[in-house]
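Two complexes are shown next, each including chain A; its partner changes from chain B in the first to chain C in the second.
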Partner chain A sequence: MDFYLALLQVIGIHALIGLSAYVVILTGQVSLAQAGFFAIGAYVAGMLTVLAGWHLIPALLAAGLVAGAVAFLVGFPALRVKGLMLVVATTAFGEAVRLFFFNFDYQVAKGGVRVGPLGGEGFKQIRFFPENGYTTLDVLVFIWVVVGVVMALLWWMDRSRAGAVLRAVGEDELAAQAMGIDLTAVKVAAMTAGGVIAGFGGAIYAHYTTHIEHFNFGIVLATFAIAYPILGGLSTAFGTVVAVLFIQGLLIEGLRFLGDWRNLLFGALIVLAMNLRPHGLLDAATTLRLRRLFGRGGAGRDA
Partner chain B sequence: MLEVKDLAKHFGGVKAVDGLDLHVRQGEILGLIGPNGSGKSTTVNLVCGVYPATAGTVWLEGQEITPLPMHRRLTAGIARTFQNIRLFGQLTVWQNLWMAQNAPDHVREQGFFARWFGGQARARASAMDYLDFAGLAEKADELASALSFGEQRRLEMARALAAKPRVLLLDEPAAGMSAAEIETLDERIRRLRKGGLTILLIEHHMELVMGIADRIVVLNFGRRIAEGTPAEVQADRAVREAYLGTS
Partner chain C sequence: MMIDFLQSLVDGVLVGTTYSLIGIGFTLIFGVMHKINLSYASASVGGAYCGLLLVGAAGGKSALLVFLMAAAAAGVIGYVVYLTCFRFIPASHPLGTLMSTVGMLLLIDEIVVHATFGVPVAYPPLYEGPSIELGELYIRPDYLMVFAVGIAAMTVLTLLLYRSRLGLATRAVSQQPVAAQLCGIALYRVNAATFVVTGVLGGIAGAMIGASVGMLSPLLVLPLTVKGLIVTVIGGLGSIPGAIVAGLMVGGFENVLQYYRGVTERDLYVMLLLFVFLVFRPGGLFAAKSERN
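Presenting the complex of A and B:
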């Protein structure tokens, strides 16, 4: 049982970083910076609960704000580059953040023990959950409440003009501008929102694992972050969560019995999925069909 | 209404547009024609702000819009279609029109929060008017990419109109259309003029442009070589030479 609870916790955290990449990739920006925002959220929230003694919820919100603020600043130079060059630039940013935390020491004495981030040693003893008597189940519920709130907001956005504008920019920047859409505002807003969500994810991750180190936030995490929305499809945020379930639940855990062969099959299944569903597991046409099935969107003349 | 003064665009050594003056009068259809590579599309792109002009200015209703970025030119009142169709294929037909609702009128009617995060009822009702005009009302909830070529061309026009422009730039709207489709296009453009819209029409299809344009400007090598009514232009020696070559 605990195994499945732990798996669902991992899935929840990965859903958050996947959703952070989803918002950004809707505007056509493939960003490998999400792991960097996630790391910032993790360290900020950890320091606030451990060093400043905050409750997790305000620490989580602060982590989202700080990561969002950094993402806002990253958004402007990111506008200047596209495609592969954006991938390179955001990767460099993510690595810069990781190396910053590799070198970041800020320890204070608390009850005779020195706590706080200690460079390459990492940041240990982020013990908000155990200290406050949270069980595995409690932590799981906490994670999924946050995922639920983020999903609800994104679902709302997807149905509103904001979501359609992000997609329009992602599809054709020239046409979007010609239709009066301010590219700078839209792309920077998406990057900022992605940063906030990644910050939430990082904040939860730090407290779930209680011990974070710089290499938790490397290129592998950044790659997973963009793999989820790409595999899941860009027509709804649910696609991203479906992709997280598919990759983390089915491919990584479900194929564990295969041992080392797992990685081979893992890659093959991703390639297969992308070939069978080039626009993602839940593409626009499928989503439209599902909406009609449930009597919304298409059918609702006055929706 | 729309004025272009001494406009120039050089791509390296190529002078795509070279000292062009153009004046589209209120409520008229101005046809802009010329052989391939004469600078018609470059002119449209300069008026819309796709790229900055090398020299010259663009004016709309006496206001200079040359320094405005592309998206602000739409809110100033210039909307366009594209020669090679550029729809938002993964959005539905009516959502394509939704994206164009950026004019000050739309912003005032809808209010910031309702506009970005509110319901779709109002935006949709407004979009449906233009879809009716383009004969696409029944397709409102199809994905734009699922439409036929002719329908996509009509959708592009409806999307530009949904921006409530004062000047509409049509960049080869008849390209690739059948004779029957061109006839309904002709009729639609006439209805727009009757509604008071000012139109700059770039077109290769001579029958269409000679039939509906009030005045015609002929370009060659980025310069204006003739201007006048369709009859005057057709009789012009320089125009014949540009199209048929010097004898």
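Presenting the complex of A and C:
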């Protein structure tokens, strides 16, 4: 049972980083910086609960704010470029953040033990959950409450004017600009929102593993972050969660019985999925069909 | 002090040739298809592995044979990447091919890990001999050889692009795919040929990296991908001379900083260099003059 609870925890955390990339991809920008924001969130929240003795919830919010602020600052220079250039710029930013934490020492003696981030050895003993007697189930509920709140906000945003604006920029920048949309403001706003969500994810991740190291936040994580929304499809935020279930649940855990062959199939199945469903698992047509099935949103609304 | 600086600069620039070759591969595919092929560096290293393992299986030991096999194998891998990641995914959907090439990167990496049981393998040097001394400066002959092979590969590529019918077709497709097709150019065949040519180039780069490091490991793939992309951007997207100069520059720059600041901080400064370029010269060193996207 504990195994499935742990799996659901991982899925929740990955859903957060996937959703953070989803917001940015809606505007047509591919950002590989999400792992960097995730790392910032993880270190900030960890330092606040361990070194400053904060409760996790304010630490979580602070982590989101700091990661969001960094995303806001990075957004301005990075979003001047697009396409491949943006991929490279954001990759470089993510790597720079990782390398910063690789060289980052800030240790304080607490109760005879030195705690805090220590360069390449990482940041150990982020023990908020065990110290406060959280069971696996409690942690799971905590994670999914955060995921639920973020999903609800995104769902609401998607149905409001803001969602339409984001998608307009993603579909055709020139047309959106002609409609009087300020491209930079929209892109930077999306980047900031993505940064905040990734910060939340990082904060939870740090407390879930209790030990973070710089290589947890490398390009692989950044690639996974953009893989979820692309694989899941961009028509709703649920696509991202479906993709997280597909990758973490099916490809990683479901194929575990294959042993070493699983890793081989992993890449091959992603290639296959993109060939068969280039617009994602939950693409616009499927979403529409599902909506009809559940009797909402008639032909008139989405046609 | 000065001599140490010069020494690290020279070593770095010589090894930077491999970055140039990887950068050219990214830039060429981007120029022709307007797509990123993220699996390129892993295909290159994969090709280098194939060369080594195939020649080893046949009982050969010649480093030259390994190099040729690596180039040929990487060409084949390039074609497979084209078929699986680009050919059947709609061209209007760049995110789809981005993701499929990521899948391919993971797949090739895993195949390599499987074939070598995750252990790094020793790679034969192309040339062994005494160091060349220029005053107080030592030039390692294997590095010099890497540099020479790299320059030769780039020269052949330039001739191919500017002096052959295939090159003409490639440049036509990169300018205007629809117009090129109207002129009777077989679009898919030219695209596939571009992947084979860049694959061969990548195989040479992969083998040279193996030769200059002395061994190959799948761990080389991700740093190489990042460096290749950085070189592409600093050089200017789609510019081959840009990729060459930027590759040598990044190679020299990182080696000098490794000397002064150590290996853990080295890449941080390479990223900063990239940001400087993005802010002050977003088009890169040799930016294309016309914007036709």
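Going forward, the second predicted complex is superposed on the first by the 297 of 303 C-alpha atoms of A that agree within 3 Å, B and C clash if a C-alpha of one lies under 4 Å from a C-alpha of the other, contacts with A are read in each partner's own complex, and residues count from 1 in each chain.
The rule we apply is simple: a residue touches a chain if its C-beta (ideal position, glycine included) is under 8 Å from a C-beta of that chain, and two chains touch if they have at least 3 such contacts.
Since this is a predicted model, take the numbers as computed values, not measurements.
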item: Partners on chain A (chain B, chain C) - clash or fit; value: fit
item: Which of chain B and chain C A:151 touches, first, second, both or neither; value: neither
item: Contacts of A:251 with chain B and chain C, given as first, second, both or neither; value: neither
item: Contacts of A:219 with chain B and chain C, given as first, second, both or neither; value: second
item: Chain B versus chain C as contact partner of A:241, first or second or both or neither; value: neither
item: Partner chain(s) touched by A:180 [first = chain B, second = chain C, both, neither]; value: first
item: Chain B versus chain C as contact partner of A:230, first or second or both or neither; value: second
item: Arrangement angle, chain B at one end, chain C at the other, chain A at the vertex (C-alpha, nearest 10°); value: 80
item: Chain C versus chain B, contacts on chain A by residue; value: C
item: Superposed arrangement (fit on chain A Cα atoms) - minimum chain B/chain C Cα distance in Å; value: 9
item: Shared chain A contacts, counted only where both chain B and chain C touch the same residue; value: 279
item: Of chain C, residues touching chain A in the complex; value: 30, 36, 84-85, 88-90, 93-100, 102-111, 113-114, 222, 225-226, 229-230, 232-233, 237, 264-265, 267-268, 271-272, 274-275, 278-279, 282
item: Residues of chain A defined as touching chain C within the complex; value: 25, 30, 77-78, 80-81, 83-85, 87-89, 91-93, 95-96, 99-100, 102-103, 119-120, 218-220, 223, 226-227, 230-231, 260, 263-264, 266-271, 273-275, 278-279
item: Touching residues on chain A, where the partner in the complex is chain B; value: 156-157, 159-162, 164-165, 167-168, 171-172, 174-183, 234-235, 279, 284-285, 288, 297-298, 302-303
item: Chain A-touching residues of chain B, taken from the complex the two chains share; value: 48, 50, 69-72, 74-75, 79-80, 82, 86-92, 95, 98-100, 102-103, 115-121, 123-124, 141, 143, 159, 163
